[in-house]
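Before anything else, here's the structure in question.
Read from first to last, the chains carry the letters A, B, C and D; within each, the first residue is number 1.
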Amino acid sequence: MKIYLSDNAYGKNAVNLSKIIRHKDFHEFRQISVNVSLKGDFETAYTLGDNTKILATDTQKNTVYALAKQYFTGTIEQFGIQLANHFTTNNPQISQATIDIAEHGWARMATGESLHPHAYLSTGNEKRTTTIIKNANGTSVESGIKNLLILKTTDSGFEHFIREQYTTLKETADRILSTECEVQWLYGTTDIDFEAAYANIRSLLLKTFAFHKSLSVQQTLYAMGEEVLKENSQVQEISLAMPNKHHILFNLEQFGMENNNEIFIATDEPYGYITGKLVRA
Amino acid sequence: MKIYLSDNAYGKNAVNLSKIIRHKDFHEFRQISVNVSLKGDFETAYTLGDNTKILATDTQKNTVYALAKQYFTGTIEQFGIQLANHFTTNNPQISQATIDIAEHGWARMATGESLHPHAYLSTGNEKRTTTIIKNANGTSVESGIKNLLILKTTDSGFEHFIREQYTTLKETADRILSTECEVQWLYGTTDIDFEAAYANIRSLLLKTFAFHKSLSVQQTLYAMGEEVLKENSQVQEISLAMPNKHHILFNLEQFGMENNNEIFIATDEPYGYITGKLVRA
Amino acid sequence: MKIYLSDNAYGKNAVNLSKIIRHKDFHEFRQISVNVSLKGDFETAYTLGDNTKILATDTQKNTVYALAKQYFTGTIEQFGIQLANHFTTNNPQISQATIDIAEHGWARMATGESLHPHAYLSTGNEKRTTTIIKNANGTSVESGIKNLLILKTTDSGFEHFIREQYTTLKETADRILSTECEVQWLYGTTDIDFEAAYANIRSLLLKTFAFHKSLSVQQTLYAMGEEVLKENSQVQEISLAMPNKHHILFNLEQFGMENNNEIFIATDEPYGYITGKLVRA
Amino acid sequence: MKIYLSDNAYGKNAVNLSKIIRHKDFHEFRQISVNVSLKGDFETAYTLGDNTKILATDTQKNTVYALAKQYFTGTIEQFGIQLANHFTTNNPQISQATIDIAEHGWARMATGESLHPHAYLSTGNEKRTTTIIKNANGTSVESGIKNLLILKTTDSGFEHFIREQYTTLKETADRILSTECEVQWLYGTTDIDFEAAYANIRSLLLKTFAFHKSLSVQQTLYAMGEEVLKENSQVQEISLAMPNKHHILFNLEQFGMENNNEIFIATDEPYGYITGKLVRA
């Protein structure tokens, strides 16, 4: 029974790049982390150690920095598309280039009434992301957000679930709901205002989370995805992963005190993990 | 254009459990982290907030601890199969149960000539893993290793790769090769001595890595996978991911010194990332 | 030569607590992580295993949650003082109680024109901190900020440093300066508006960083600390630690391109690490 | 009231270096992470931005790599002493040099009966450490271990502690004791076989932990330190930090099952944190 190579890919991960774009009145600072992954005619590299078709991962890294000078002037989506084009155009042996970019958030410092022209404060862990895939079928753009840490102190319950031999969780009509969301949505085209689309989708996700009367994480997840699809005809599908960052009522009754949904143990593990993808029919 | 729920799953992650199994002469200590993920007839949970078919993730967690008393007596594969069976057997609404288990390594302390009966030393980050998937097609078992950090100081080169406008990497016939391997292999059956198979496969992976004359990470990856498939007829396919933990020559020449492959900068980012799956024809 | 116990302490770390404080128009959400550390008459616990004077770390944890109901209504400083008082007042064998609190930032979501009454967005890694020490000398309050990630794209240089046999760094009058600041300042009293003082000090730190014409990290550190001491008579001393988050110019010249302070490699390791404490004479 | 600079230091952290030392029959592979921290006549660097006495942290980094060629041939203590000597000897403005080194463990792979000549397996997170401080008083060497993750399944109890209003913990004569030890010991001289001393001290720590009948973490900590001081006259003092990695009994009774110290929840947070220093009178 013969053994052969099936799925395979190689590339450079965590190419950490920052750029200053000098505008008339202020410096724009951008920081991204880029992953490049290539597929193609690489079987003999694996089976024979034939490197003659291999674009070294070090070369991939250099390419990201070199192209950033000219092409990283707008959105990560546009830069990713340029990178994918470069790799596939210049290397016939490459059948598919995947570019993942995560952008770190930096905001100009507010000093007094105005924004400082060149001083920045990190906006935290939340990252804007995109995955560009270019192959014979064309170019797909799937953008998203990760590490979006959100919480609501009410309008969330969890009731009427199965009670069986190992069930101890109490039903509750009022609990904290918190999650560190990871969301990706697939655009139906590459000809789009990625900046505006991102701002709109992020806003819809937050607003829906905030105002939803949640009967479960599942239901909130669906509502958030549905709203994005309803309001953005350019989005074909959306995937959400919502780990449940549990805040568990601390038992104050053992000390003769009431806990009216006031005092909670914030835990990291174990955690519920809810995922769902919504698509158009 | 209607919107509907496509892929979805929910469960409990990072159920961290330890167990003491008391043998006549010594205590066996085991520590695992379990993820449970369920698919099935849950659409209305997402769309309507109907929880009546939902087995709460808290209940899933309790189930892991409760079943561990009776069933976690041998390999993580056997325990995972019991867990998957439990969830699917007791819940007709569940069409697929996925159980991921990672086992932390603990070794009995060597004190003098013998092993201590109840004192343990961690064996490090390396973890034995398994993923059990049970659905209408039956039960699949894919086991593996993660965080296997290995290195060789020679018998590794990287030459004859493409030289183009952004290539600066020098060819070398002698470099450090280091990787933090993640490997999974799919067994063709559940009726197997999982303990012996694991020990054998881990040993083959290490031995092949050690003795291989490496022309690239790709070639070493393939050689390791091929050896496992050749020597284990029960293994149907094997996937390897090998991040390249670069050790880069430090430029001593600038200080008038030679660096005969002696002094290196150990870096974490960026890193090459090479993956491949080998299957039987 | 006799062996004896010198410095020692014990306590509970990472007591993760969240609280909802219900106001008329909105829910205030707070999340903190508390460390308790006790010193006192505990020598026989170490030398003889005599636990009769030991307040179990589990009891310390319970105390944090129980006291949070009544006392965690304002600043972390005020809550920390209550905790320190509780431990020393109720336990004559305790000579010193140290309470460390780090507060996670959460901001009410802006939805349209207004703030949502109960939905929150994490403000990131930055944390407000305090360390309360209570002993026979009284109560000291040292507050601070950690993980304050800031950056400026210009008005920072590094020149005129020593050039010797191992020096390769080029002088520059214009570089990126970035740091993940950790700052603590000691208040001279416990009778203070901690909320206002914190807001004022944080603002001074940011403003000074933004407007300083930096000749080195050392000089910027000193300027930041000096400004806080000048403007806050209640602050007795201030300590700053400023790891240098290097953004290194990428060599585009090798590809025939200019790099006019545009494209940088963002690195985590190695990193410069600059510390300084400023005190009043 | 004048403001002035008090404690201050600067240096380079996380200088990650690996070295191959070629012996006749095998390659020795070493990997370390070095921190350099300097004190001295640097006040005007802080107050005026005067860099003329500043040895750039980049130069410090280069020095570590350059000196590693000649001097990193034996223990981290010997290399650290050389580095401290270099910085203080060549820079009169430096009054104190502190060198911290952590060594990553790598073990030659066992392949069949013998050790492979150039293939290595990581020994995990445990690290050997040393801190060298050189100033006008001479050179001190404090060596240690960190991330020493150990556990015993019995011979550990915790009883007779204070029971008060917030105490809920049950007394137990039989529990799991686990800790991720951090230990430092101060040598009384620099003229010592650091390799042998380290091996002996590590072995004593493990053996004492294994055989001790523990009445508390405090008592075990003291016993471990005492044994090291008793058996090593060259060690002047020893500091131990022992976070309690709790393994908490899972409540199986709620499901009608007994839990005879079998099934535990392994938790990371919160955790008890016990420290102590033992010195000679």
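Following the convention adopted for this analysis, a residue touches a chain if its C-beta (ideal position, glycine included) is under 8 Å from a C-beta of that chain, and two chains touch if they have at least 3 such contacts.
The shown structure was predicted, so the numbers you read here are calculated from the model rather than taken from an experiment.
The chain pair with more C-beta contacts between its two chains, of A-C and A-D, is A-C.
Ranked by distance of CA centroids from chain C, the top chain is B. Separating the centre of chain A from that of chain D, both taken as means of CA atoms, is a distance of 37 Å. Averaging C-alpha coordinates per chain places the centre of chain C 24 Å away from that of chain D. If each chain is reduced to the centroid of its CA atoms, chain A and chain C end up 29 Å from each other. Within chain A, residues 16, 62, 66, 166, 168, 255, 267-269 each touch two or more of the remaining chains. On chain B, the positions that touch chain D within their shared complex are 16-21, 27, 29, 31, 62, 65-66, 68-69, 106, 109, 111, 116, 118-126, 149-155, 176, 206-207, 209-211, 247, 250, 252, 255, 257, 259, 261-267. Against chain B, in their complex, chain A makes its touches with residues 1-16, 35, 37, 42, 45-59, 61-63, 66, 90-91, 158-162, 164, 166-169, 214-219, 221-222, 226, 229-230, 237, 239, 243-244, 268-281.
In the complex of the two chains, the chain C residues touching chain B come out as 165-166, 168, 254-255, 268-269.
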